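In what comes next, chain A is part of two complexes: it sits with chain B in the first one and with chain C in the second one.
Take a look at the complex of A and B:
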């Protein structure tokens, strides 16, 4: 068992509160991704788990044991750094073996384990090279190899792919996912890239200003963001936000008036909003339709970005908001022409003025 | 196209020589000319009292067979003792400075309050002119009034005052101690600069991997700062082989502590024998050049051996 638990963890550096009261439990074998904008404290949180930083308050538990006061080497962890952190004067073989020589493992055994890991990561032909003779992707694989050869209980990844170019990043992402499937060990992965988070994670922890905004499965965060921050952060094209006003509505729906006067009945779970309350309506660009029933926004289409298999169209609403729609290829939209964006009510999110979401009904689990 | 390239290259080479010319001229005037003149004098019987009157006498200053006896510098046991003493001094003091410099640099590289102040303070011995610090130590080591004898007597380490400069062996160790005191900060500073260039993430990786700090030092830190260390030690070794002021101030011309430079000065100035003294200076230059060359060659061989591995 190697679950990781943080209880009331706080961290301050010279008077600045970087981590505020984080409570989190990561199950055994889970792939957990910490995601958030730069400076949100995600790397610090990872370093607290690793023991590279000490907590100011609270406790860290790994495998049921309190490891708060233990140094990194007694926590059964391995870490992959953003900058790879390879020893520049050692060959790939020496880099991978260096952490093992400590455990008084026999030479033949070390050799066998290095070869085994090198085989898994396709590093075998590179074992006698120095880090400077390797490409970025190869260096990253060596760094991962150095971590897995120690067979740790928990893997920690600190933005491991952010120094790689786009195509390599996708390839390494798949390799890391495969690695997790074959090893079934607990992994904590820090990234600022929400696509990496969505594709890799069993569970995503969204951090902002040292606080956990929401933790949950990727689809859960996508469909039921708890607040406007998570809604805006998750999703490959940013969610559209519109200022609207509650008009009333019955149990299970909130009627809102859109800029331009159209009315929309948005389904919600539980209590609605007070009539006259200022709300923010959120809708993802992939849910905006060019045709259909229900309320629509009209305005000039300012820009159309052709992406090949789809297009991104930007429409200026009457209150000045710029709305984005992802529309399939083949649909002809011309820049400067008036357009109409339909907002399917079931795809809409509503947020109160303090940023919290009005819960959406859970019966509707299609996109 | 190719012709243009050649033309451009020629312009660049000419510009390079133009920029180098002033430096080369100054170097030739202040280093090249005196060196050549010294080499020339070493083949003559010139004397300091009338420098214009001299004869060319070939290698007689170096080695000469005269009435059944070998004469000249190469046959002078006092010269060879000075050579051996200087090499011993360089080896011992530079070794101690390397170890102490490393310790000081590692300490200064750690975070602690008032680190900036301590870093500045440690440089003071290096900033003091050698003459001043040698004079200061000479007084501290004085057998009758010196504070060191006083302190040792007070704590009961010795029964009677020690005449530090009277016994040649003791005097050489005193010279080593003063040299170490003075130049360790220099070595420490160069090592500290190298330490600050080291990648911090490697050390975090080592911490996570649970590698013992001593092992990290020998397997990671030392190999990575070796280039800087070699530079510092070569600098120091060259300085130590030329040592003059320290020994001259502490022990004057005492034959038991003469270094190569002190020997050459004695011949040149005290004995007015410019020819013989120049021969000693020339040999001193050759000895240092040979030692430097062998260190550099050895270093290169080792480097090549490592990259071939």
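Take a look at the complex of A and C:
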């Protein structure tokens, strides 16, 4: 078991910079999730850790050793691929045993360990089948089995669940979480799925255009996004953003005027917010209320999406912005009717023009 | 079924029959002729009157045909083995490794196969003499590789490119070395492409005449096509057609058997199930 450290890592492919100066330390036994939009470099970063790509600059350390120049087999890693990448000509047993054979383990030991892993992943009855005779979920379990049987220092997962259907994905997600609990080894997991990131991670690393935007615990990223990109990226329904104007700020609050004229005192550290400065106000759809304190925006409700246990309502504000609200079931909203969305000040985020967030107070524990 | 489709079917059947006859008649003629001797050789009859095997016996007793066949088999087998070995490793480099000038190299390999044999003949002759391989079987192997390598490399490279890259990466992550990856992962998956390629290379080498004719001198190093071409009768004016035909039939049989054997080995869809698809 080991920690992973990236120091000043850069990667360029034929002149395009894919990874720019990434410094990152992943602790021993940590479950770290890389998220980001497609093309942000998250898979590349994982492959740099694996040694499947070589860094253009910087260094990679695993367990305190510099492994930058070492091939994958000397790094003590195991990887699970999005496409499973099972060896099609080998049975499940041979697939799982392949890595052990490479490690020159003894026949009897290989057998014992393959059986052990097959038992853990409920693959025992499938050991003599070929990959083409397995379902998607079974193939994925074989791919995971192939990784865990080698007892690597670090596990790398490259979007392992994105080829599975929704219900199976939830089931495998739980299985991976259980696996991490029982093995306590360092895991790095790449995904573009919000829910996977939030539920599995000890720490989420949000990547954008080859840079780390923010790294932290899921709740930390949800409550205290450092900038507008992280705020928009984290959260299963995207945060609403409104162009507002600062009216004045003090130590602990910034007064802003909303489109339509209403004033709102947002409790963020406002030192340095000049009156008249253009800011962006962010509020998550789940925090928007139909009644209560705080300033309100009014406008026509354009669309209501019924999700069963809740509804998503879209309101067109006076400046043309479309605001989303998650509303509990039972509340009647009609499309085309005028509506009012209240913005509780304590749930609001403020971002400056360069995208950085004005820090919110740490005492708030609401969500 | 109405008259029109019946007519179309009959026409199609006739066409098939014509193509089949065109392709098979020469071989049939050789087979029939190989059972004849003396003046019967020039009988216009299409059917064999007698089943006279004396030509076959003569091929092996009068000529050292066993030795000749062995030469051909040796040369073809070594050519196939070397071609596959070189082509698989080359295909790995050309299909998987990114390097400068890869496209140019592929074109050069293709270009080599476009030269007519005669164009390289004198150069090859110099090369083989310089290497001291004149009138030896290794010399023929070297010459035949010039004919087989371009297409074996091309076929295997295109096939290698089709294999999912993750398979290779999974093997690296599993701790395999590049040679192990080729041996344990690529070779089994390339088998469906290698079998027909090997067969083609074998046929090319088996049928090769010009190099074998030019680079050998003695009867001990002759291959089948040369030996058949050099068969001579009692006098200048007499060609031993019976012997020629019997020998031709004998050397066709191994090829037919090989094709039949390989046909079963060519397993399709072996990569199914490797990745989601």
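Rule of thumb we're sticking to: the second predicted complex is superposed on the first by the 364 of 367 C-alpha atoms of A that agree within 3 Å, B and C clash if a C-alpha of one lies under 4 Å from a C-alpha of the other, contacts with A are read in each partner's own complex, and residues count from 1 in each chain.
We adopt the following convention: contacts are C-beta pairs under 8 Å (C-beta built on N, C-alpha and C of every residue); 3 or more make two chains touch, one makes a residue touch a chain.
Predicted model, so just to flag it, every value in this text is computed and none were measured.
Superposition of the two structures on chain A leads chain B and chain C into a clash. Of the two partner chains, neither chain B nor chain C is touched by A:115. By the document's definition of touching, of the two partners only chain C reaches A:163; chain B does not. Within the superposed three-chain model, A:238 lies out of touch with both chain B and chain C [touch as defined at top].
In the superposition on chain A, A:132 makes contact with chain C only, while chain B stays out of contact range. Counting the residues of chain A touched by each of chain B and chain C gives the higher count for C. In the superposed model, A:61 makes contact with neither chain B nor chain C. Judged by the touch definition given at the top, the superposed model places A:340 against neither chain B nor chain C. Within chain A, the residues touched by chain B in the first complex and by chain C in the second are 50-52, 71-73, 77-79, 81, 83-89, 98-99, 102, 146, 150.
Contact residues of chain B toward chain A in the complex are 199, 201-202, 204-212, 215, 219-220, 223-224. Contact residues of chain A toward chain C in the complex are 50-52, 71-73, 77-79, 81-89, 98-99, 102-103, 130-134, 136, 139, 146, 150, 156, 163.
The residues of chain C lying in touch with chain A in their complex are 164, 166-167, 169-177, 180, 184-185, 188-189, 270-276.
Within the complex formed with chain B, the chain A residues making contact are 50-52, 71-74, 77-79, 81, 83-89, 98-99, 102, 146, 150.
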